[in-house]
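This is the structure, below, for whatever I ask next.
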């Protein structure tokens, strides 16, 4: 089993279900069950256990991408949810070795998620014209050891992309309809694309452009995640659920 | 860009949107727009175009996992959908290098999907007590070049698993409640698990066992995928949608 | 208990769950379990039982509105579903004594449903510019004994309505955005309105007009009905469900 | 148009969208836009307008059932939602003249809602073994002028109902499975029934009893209401929605 290294982002969990996601550094972390000496986790095996100064057990673990997305990355801008990104990965054919161009970078969360699945031979080129986002995303992918796989660029989408023949194009920008034709030059024949937008008006705007383009397999979908209370004798969905995140527009780039 | 090789599973697509997923062999494939000489695709670049004998363009492409799951793999048994598997991948933390134990193998679809994301350093041990399923799954993972990553075993879950310290445990069996305590011995501390079942009764049965086990982060969820008609001026969901596939039970194995 | 009268629309049901909805006339009705002499139901008590000529029991009953909508009324045009109409009734405050203006009449299904709930003191004025629809709707409300409560008018919505001070306005037309300001003159202060449209574009078009009008309590909603298989030991939703019927726009007419 | 009378429950609404539901009495009602002298609404026409002491317009209106349910009735116990009750009304065939037996009374909200649709010739017999609920429900139906239509009884369901030949039976109790066979003696042949329960376990328990009973048209369903933000240029569902209220079990009582 892997051992925790200084600088890793790890999850720490108490028996009462409370958990936190922290960078593993030589410092103390305070909780309602006492202080945790994070240093003790360094070189400890994944899944290992230490004690707070009050004698409560604390487990360390590597977080899943779902936890990284929902709990570790600060939600400065609206972000796609694990439910959406998981579907997008299978739908767009994200896998080892693919070259992805993405715009905008935003929090860097999609770049990070995609980087987990493209392997050492894959590459993500992510564009944003806002320097502060790009810098933050750069730091994020470095933090998770994905620096080699993700190239963060500060540039405006209206100038198109430097790369050609991407396997996959992913857009998460406000007015994608104005840039589609231009940026699609960077997508290889047969490549797939994904666009996420929060409103139905934006979906219509994108589809209107697509109707002039003869693309293939254009689909619009949304994913709803419904969680259940976990009492075996009283199984029922939670009273409240997330009602909407984004619409997902996907397709393949054939020019007949 | 990659070139198609004999033996690859490729997608072929006509302008009218019809597509098929076939093994690339030196043979002819008949369509309503004429015959396609598949041999012409061998050594052609991904996204390349040939003509049917009636002069219609045909594109070749590597299918996404979504297409492989929904269109290429025969649905002999109920299968999890891309919407579910995508979420499961992010939720369980499936990524390069992880060791997964799965039961049952079924069609092999989940083994195949997981194999795409564990990389060359990861491994999937998949169990089934039905020889015919195991053989078919073995053939499937070979077909997609994932033979090294997936170990198919014919064995009964009631005997437990040979491996220990799995990062992830995934169960898709009829009565998981009877085997949970036994097979959880193969899951490392801090490891994650996923169980999919189609009925609420099964969810309750599983939760009842979990209530005796002090697991962490137990969640039950379901994923709904809603597709929209892609007319920009008349955007609306399809009249009919998939109303249910499976409930997804997940959690993490801490023993406090 | 009420007795069936000649001319009533009744439901007849066999033990195997097959049911039909027919006008009660002195005639024979053929089924796979033998012929039913409908005449025998006349003057029989509601819930009564007769035999087919092959000796199978057949029950007679008065259909619910849900059954009338889904099974008796022919679906010549897209119709609102019981799930939608039930919500609309409670949302718009449809009850005894209210005056409703509706456009268009369509199949007459909403006029009929509303007529059940406005009582003898209520009234529905329903407009359509297509004579064939109006005639059919007129026949429908007569068939169910609601002639006194429903006034069918052949007229174009662009000319507005003859009536004033309606309690409730209900629009089920293609381009409601063009007529809203005009027809709202017929809605009393504090009156409620409902508009149903199938596409998001139409919802946006209507809201755009509303944004110039200072209406109160404007809401847009949709209702999803999910049915479950009724096996107690294997409870689960049906694989397939209705994914969309209409968006429902409602509000109240205050002029501040 | 109707005039407001002392003792009516009315809605009052300010321009900013704030609204309240109050009993119309000779008193003052304080708001953030000044005091409202409710007395001024007495004998005023429905939809009429008065001024606060600070000069802001206030409209009076009769609330819809949706508003009565959601905003006026105190939610001491879990209640069915308008989305559910609307569907139930059409599904069970609630209309003028029907005789309904209900248990338990709870807040009285379903009795009140049903009373609006059974007319002067219909009747609702509602049972509860908790005196405090019965008294409160009695007061509620009186408040809305439905005293003649609703008979509130303090009795235990295990003793069955006094009435026979009900058109409709409605159960909202914790363990309906124990009482179904007994209370179904009070339902006429061909009568309809509705049972609401919050958990899947309860649905299974009820279905298990039904499987011994040869009922007709047994259905299990749930209703999801999804609301949209009403910005015409940015149409999208709300981020958060109600994820669950109750499962609805319905059917018809034929004894073949």
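Side notes on the structure shown:
Note that the chains are named A, B, C and D in the order they appear, and that numbering of residues resets to 1 at the start of each chain.
One rule holds in what follows: a residue touches a chain if its C-beta (ideal position, glycine included) is under 8 Å from a C-beta of that chain, and two chains touch if they have at least 3 such contacts.
Since this is a predicted model, take the numbers as computed values, not measurements.
Common neighbours of chain C and chain D, listed by label, are A, B.
Chain A and chain B touch with mostly matching residues; of the residue numbers seen at this interface, over half occur in both copies.
Between the CA-based centres of chain B and chain C the separation comes to 44 Å, rounded to the whole angstrom.
Chain geometry summary: the mean Cα position of chain A and that of chain C are 46 Å apart. Put simply, the C-alpha centre of chain A and that of chain B have 21 angstrom between them.
For chain B, the set of residues that touch two or more other chains comprises 200-201, 203-204, 226-227, 233, 235. Listing the residues of chain C that touch chain D in their complex gives 1, 13, 15, 17, 19, 46-49, 57, 59-67, 69, 82-83, 85-93, 95-97, 113, 116-117, 119, 165, 188-192, 200, 203-208, 210-211, 214, 216-233, 235, 247, 252, 254, 256.
Of all the residues in chain D, the ones that touch chain B in their complex are 200-201, 203-204. Those residues of chain A lying in contact with chain D across their complex are 198-201, 226-227, 233-245.
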